[in-house]
Amino acid sequence: MTIADVLMIALGAVAVGAGALVVTSTHLVRSGLYLVVSLGAIAGLYLVLGAELVAWVQVLVYVGAVVVLLLFAVMLTRAPIGPSTDLDRPIGPSALIGAGVGLGLAALFADAFRWIEYPRGAPGTAERVGAEIFGTWVLPFEVLSILLLSALVGAIVLSRPDVGRREVKPDDPRETTDRAKEEDEEVPA
Amino acid sequence: MHVTIPYVIAAALFGLGVYGVARRRNAILVLMAVELMLNAVNLILVTADVSLRSALRGVPGEAWATPNSQAGSGGAFALFVIVLAAAEVGVGLAIVLQFYRVRRAVAIDEVPLDEERVSE
Amino acid sequence: MYRDHLTGQPTWTAASVLLVALLVVPALGAAVVAVFPARRDRQARIVATGFAAVTFVLSLVPFFAGERAGGWFAYGGPRPTVPLMPWVNVDLPWVPALGLRFHLGVDGISYPLVVLTGLLTLLCCAYTVRKVPKGGGPGRTLSALLLILEVGVLGTFLSLDLILFFVFFEVVLLPMYAVIAGWGGSERRAAARKFVLYTLFGSVLLLLGVVLVVTKAGTGDLITLTGASGLTRTTQCVVFALLAVAFAVKAPLWPLHTWLPDAHTEAPTVGSVILAGVLLKMGTYGLIRVGVGVAPLGAEWAAPALGILAAIAILAGSLICLRQRDLKRLIAYSSVGHMGFVLLGIATLTVTGLQAALLGNVAHGLITGLLFFLAGTIKDRAGTGSLDQLSGLRETAPRLAGLFGFAAIASLGLPGLAGFWGEAFAVVAAVRRGGPLWLTLAILAAVGGALTAAYFLRLLRRLTHGPTTPTVHSLRPSIAAVEWFAWTPLILLTLAVGVIPALVLAGTALPLTTLLGGHP
Amino acid sequence: MSQPVNHFALLPLYAAAGTAILAFLADLFVARRAATVAATALGGLATAILALVVGPEAGTFCTTGACSWVPTWPAAVTAALFAALTVGVLALSVPALRLGAAPVGEFCFLLACSMTGGVVIAYAGDLITLIVGLETLTLPLYVLVGLRRFGPVERAASASLTFFLISIVSTAVTLLGAALNYAATGSIHLALLHAASGPFARLAGVGVALLVIGLAFKVAAVPLHAWAPATYDGAPIPIAAYLSTASKLGGILALAAVVSRLDARAVTAVLAVLTMTIGNLVALRQSRMIRLLAWSSIAQAGYILAALALGAPGVTAALSYAVFFVVLEFVAFTVVVALRRPGADGGSLLDYRGAARRNPWLGAALVLSLAGLAGLPPGLAGLFAKLSVVNTLVQQNWSWLAAVVVLNAVIALAYYVRVAASLYSLPPRVGRSVADPVLLDAALHPRLPIARPVAATLAASVAVAVVLGFAPQLLFNALT
């Protein structure tokens, strides 16, 4: 047991505990806040593991942006502030599935890595990770820009029903055929 | 350090995420559970960097062949996952809001999956 | 030609152009007819008949144009080095990735069936010019479908590549479905669906068998595969089992025949004629050419089972016929019995037996084609196919009754008519095969033959003799020119094949010997 | 680590991404519907042509021993197919766009983004690029599925939400699989993927299985299929067409990339058997057109999975089946678009009764595609597709799976025939026969004019299907 181990166990306990509250809380808003705690603890784990850049990005993007977006969603859908009763399905097999997946994965890892002491690697500073990304992973990085752009445009176009709307709203099928004739771009079948 | 610890934490987080996805009915809560799952994945990736790097130096007692090891890419992968998650949440928020606008609800049980209910 | 085949260099002789033309002409005809406008329906049907006539003429040619002389004598060499030798041959690569070659050829086994197909399609197209079944789709579509069917059937009979054989085997499936479902009787939907599902079930087994052969043998070429091939005994047994079931569905062999009566009863007249006259032959032809040819050991292994099923089919078909009350259904069940004889001939695995099978095939095509034409006419005019309402035909329509009597007697196997030889020689072949099993089968088949006579005579007694019912009384007795045109060739050929069976059998002995692996 | 980038090999990617930007700029500066659509279509065509012109090239973005961008013939052909499908879907959407069913510029942009994702998947040489590409292919579709201004808006919104939620869960599973595999073997580039040894074998095995399962969501394999019918039915028809062709092709390519290098035979075979059997059985009792097509495409994915269960030897058969299937399925969807009012949904099967009598050419095209999907002539393309899968399975001594495939083909024929026959059926008799049912039917179902882009797309896709039917060797050559 090194200090790193103790730190990881402590942070892990926080992360898992908060994570458990995220999926069981009856308050929508509180779930979001527990998520912040859990993700923050995971950022701490990254630091212990030596991945500094990932840790900071985790804090900035996840805690800073993603969770805020989620909380916006909670607010915009007029979720009640107090506890809600209809957040969960009947428990059914979900607990079994969740526990099975968690324990199964844990057993798998324990089986593969045992209780072996691994040395702490060189810290994943911004410089190292940057070299990695711009040395090896340039292509997905560039594709990611397209992805982000489409996410942006998609989010806008979905949430603003008035974008690109035309004056006429042709619900009437007769109108549609008239319009088609008007435009004179049809060929008979 | 013992990498088993973060790996097991990641496993627990993923299990919690799966439980949340299966149990929750509110779309936003499902999204949160998915975030837990993605974070578990990231934790595995970052931890794998540590275990792989030391394996390259042959530190652990067990000699295991990783001829093509790309140790160090895990952190980069994790960054990609974070960005993917952010993009998804962005669009997901818009979709949930649209759904809410149309149906005044965010409970996904009401998403009709059966043909009978649709054709009515 | 054979050397060309070995070197793999396709050469375009007049003969190979002929083979391709045999498939292209009807396909082209179907395309041309399909684009005719609706108001030119009748002209379209005449054009279709023209294309069918050209195809028929082309189908006659190989007998004269082919390099048959070489083929006749090439079998003298020591077995098994001399393979099957088609009269006319064309061999081109098509899809090398799947091992599929466009390899066509005609020999003594396939030639009679090719001509029969050409003839029956021509007759059906001509018949359709005058008579389009009521309540169905436009007549030109029916003609086009008949031509597409012809492409498929001719392709099946001509292919010398296993995968090509399979492809053509599949071609007929949907057009026949469309013919039954589009122009059939009141229960046509169900009957057509039953037909298509049964047949597809058969063809997927065929697919498995074909692929298995091609994989194990490394080639799909029927010339190379025929006779002694490099397949192990186990493979041959598996392959033959798959192929036999596949062809038994198509033939059909009891107990896989249940689609046939429904399909025949509901199909329009031309549909029944094509179905009985040529489609069923694909099953028996496939069994001889592919089943026995590719897996002789497997065939030997399965022969007793096949023989027993054939005998059961003969008896079952006859017994069911004795109790039938519907004209078309009775003829359909009689087909089951006749095909039983054909399969019995095949099951003996002797040259005589196979010759009997080929002869039976052709005879059944001619006679049952004629019977279905006549039955269709009677049903159309009387408005019913029920035997209870049809009696005393002789009084009102003596010629029709006479023709029907002729066809029925030919079908029951009167010596001197086409039906006799196939059935008689099937029994003879079984007797010659010897052993208690085959003797029993021969006796059972002979009994079945007697039962056939019984039910046809019963049919004649009820249909032509007896008191005239009101339905029959109002029946129009005259026979139109187009009907004469459709029936006369069948009548003449029934007589001709009955008198000179060599018309069909000439040139079959040697290829059949090759198929059987050199054991006569 | 810096190295020269082979820009020539990257031309298809540039073209695809450029198309997206072009669509945006055209909408911004010209602001005319026709111009935006035409620009996007031209961009798509340019992408397709460039992919084929570039063909196989030296890979680029390489590290030691592996590249992230691997131009090969299969990659070029599938990338061209993605681009062609995008152009086709765009053409199918023109009638609805004309009515203002969706904002044109954004629609074109999102479609082009999705195409870019497809192109990236086709060329991807590592798991990160593959997953990012897959996400780029899918993410715009969440939006496009829900982008509906009239018609059944509610259904579109719920289709979009269902699709989104299930898709991100599947992404998480895929990522977990990739992460486990990385933890066990340390490899991310496809060329470096290898089986793990020692204590990590089990970990890597679970990782591969999870990868396959996550990707199986994308191809809607049973039991991970529940989203597909609801989503297809809720989406606008052209988008449903895109989902069941391009999106599915993306999933298949990703699966092929994984299973050809890592052993996932057991899990893939199980998925394959379940998918084709259940897909076909449920399709038998569908009464809505799009749902029927959705279930049939689930079943078709099963045949592809069957070939993929062989691992590397089955990849060519799987890809060729996928291409044949995509073309035929696209023809079917095109006919559905042509038969329906612009912006309408697929309707129930009853709406298609007698459609082929009113519209013989459309009927013939639909019959061609359904026959092909059933694997029968005249749909020769489908016949050869089935033949190649069965052939490969038997060659690899997986005859039992081949038998399952062909028996499923029999079940499938039952519903394909039902649809095809109903196209030609006579109109039902209404009450007592006061009126001529044919005339009455004609009055109730006026022949809708077919927009020119739709007609052109139909002609082109039918032509491709026919050519592939008679010359399948072209495709087999291109994919090997």
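Residue numbering begins at 1 within each chain, and the chains themselves are lettered A, B, C and D in the order written.
One rule holds in what follows: a residue touches a chain if its C-beta (ideal position, glycine included) is under 8 Å from a C-beta of that chain, and two chains touch if they have at least 3 such contacts.
All of these numbers come straight from a predicted model, not from anything done at the bench.
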item	value
Chain centre separation in whole Å, for chain D relative to chain C (CA means)	42
Computed distance of Cα centres, chain B from chain A, in Å	7
Between chain B and chain C, centroid-to-centroid distance (C-alpha), Å	63
Whole-Å gap separating chain B and chain D, where each centre is the average of the chain's CA atoms	26
Chain B: positions in contact with at least two other chains	7, 14, 17, 31, 47, 51, 62, 70, 73, 76, 80, 84, 87-88, 91-92, 94-96, 98
Set of chain D residues in contact with two or more other chains	63, 128, 132, 135, 139, 142-143, 146, 180, 183, 199-200
Chain contact topology (line, ring, star, complete or other)	other
Interchain pairs in contact, sorted by label	A-B, A-D, B-D, C-D
Of chain B, residues touching chain D in the complex	7, 14, 17, 21, 27, 30-31, 34, 37-38, 40-41, 44-45, 47-48, 51-52, 55, 62, 64-71, 73-74, 76-77, 80-81, 84, 87-88, 91-92, 94-96, 98-99, 101-103, 108, 110-113, 115, 118-119
Residues of chain A defined as touching chain B within the complex	2, 4-5, 8-9, 12, 15-16, 19-20, 22-23, 28, 31-32, 35, 38-39, 42, 45-46, 48-51, 53-54, 57-58, 61-62, 65-66, 69-70, 72-74, 76-77, 79, 84, 86-89, 91-95, 97-106, 108-110, 113-122, 124, 128-129, 132-133, 136-137, 140-141, 144, 147-148, 151-152, 154-156, 158-159
Chain D contact footprint on chain A (complex, rising order)	108-109, 111-114, 131, 134-140, 143-144, 146-147, 149-151, 153-158, 161, 163-166, 168-171, 173, 176-177, 179-180, 183, 185-189
Residues of chain B defined as touching chain A within the complex	1-20, 22-26, 28-29, 31-33, 35-36, 39, 42-43, 46-47, 49-51, 53-54, 57, 59-62, 70, 72-73, 75-76, 78-80, 82-98, 100, 106-107, 109
Contact footprint of chain A on chain D as seen in their complex	1-2, 13, 17, 20, 24, 61, 63, 68-69, 95, 98-100, 102-106, 109-110, 113-114, 116-117, 120, 126, 128-129, 132-133, 135-136, 139-140, 142-143, 146-147, 149-150, 180, 183-184, 199-200, 202-203, 206, 338, 341-343, 359, 361-362, 447-452, 455
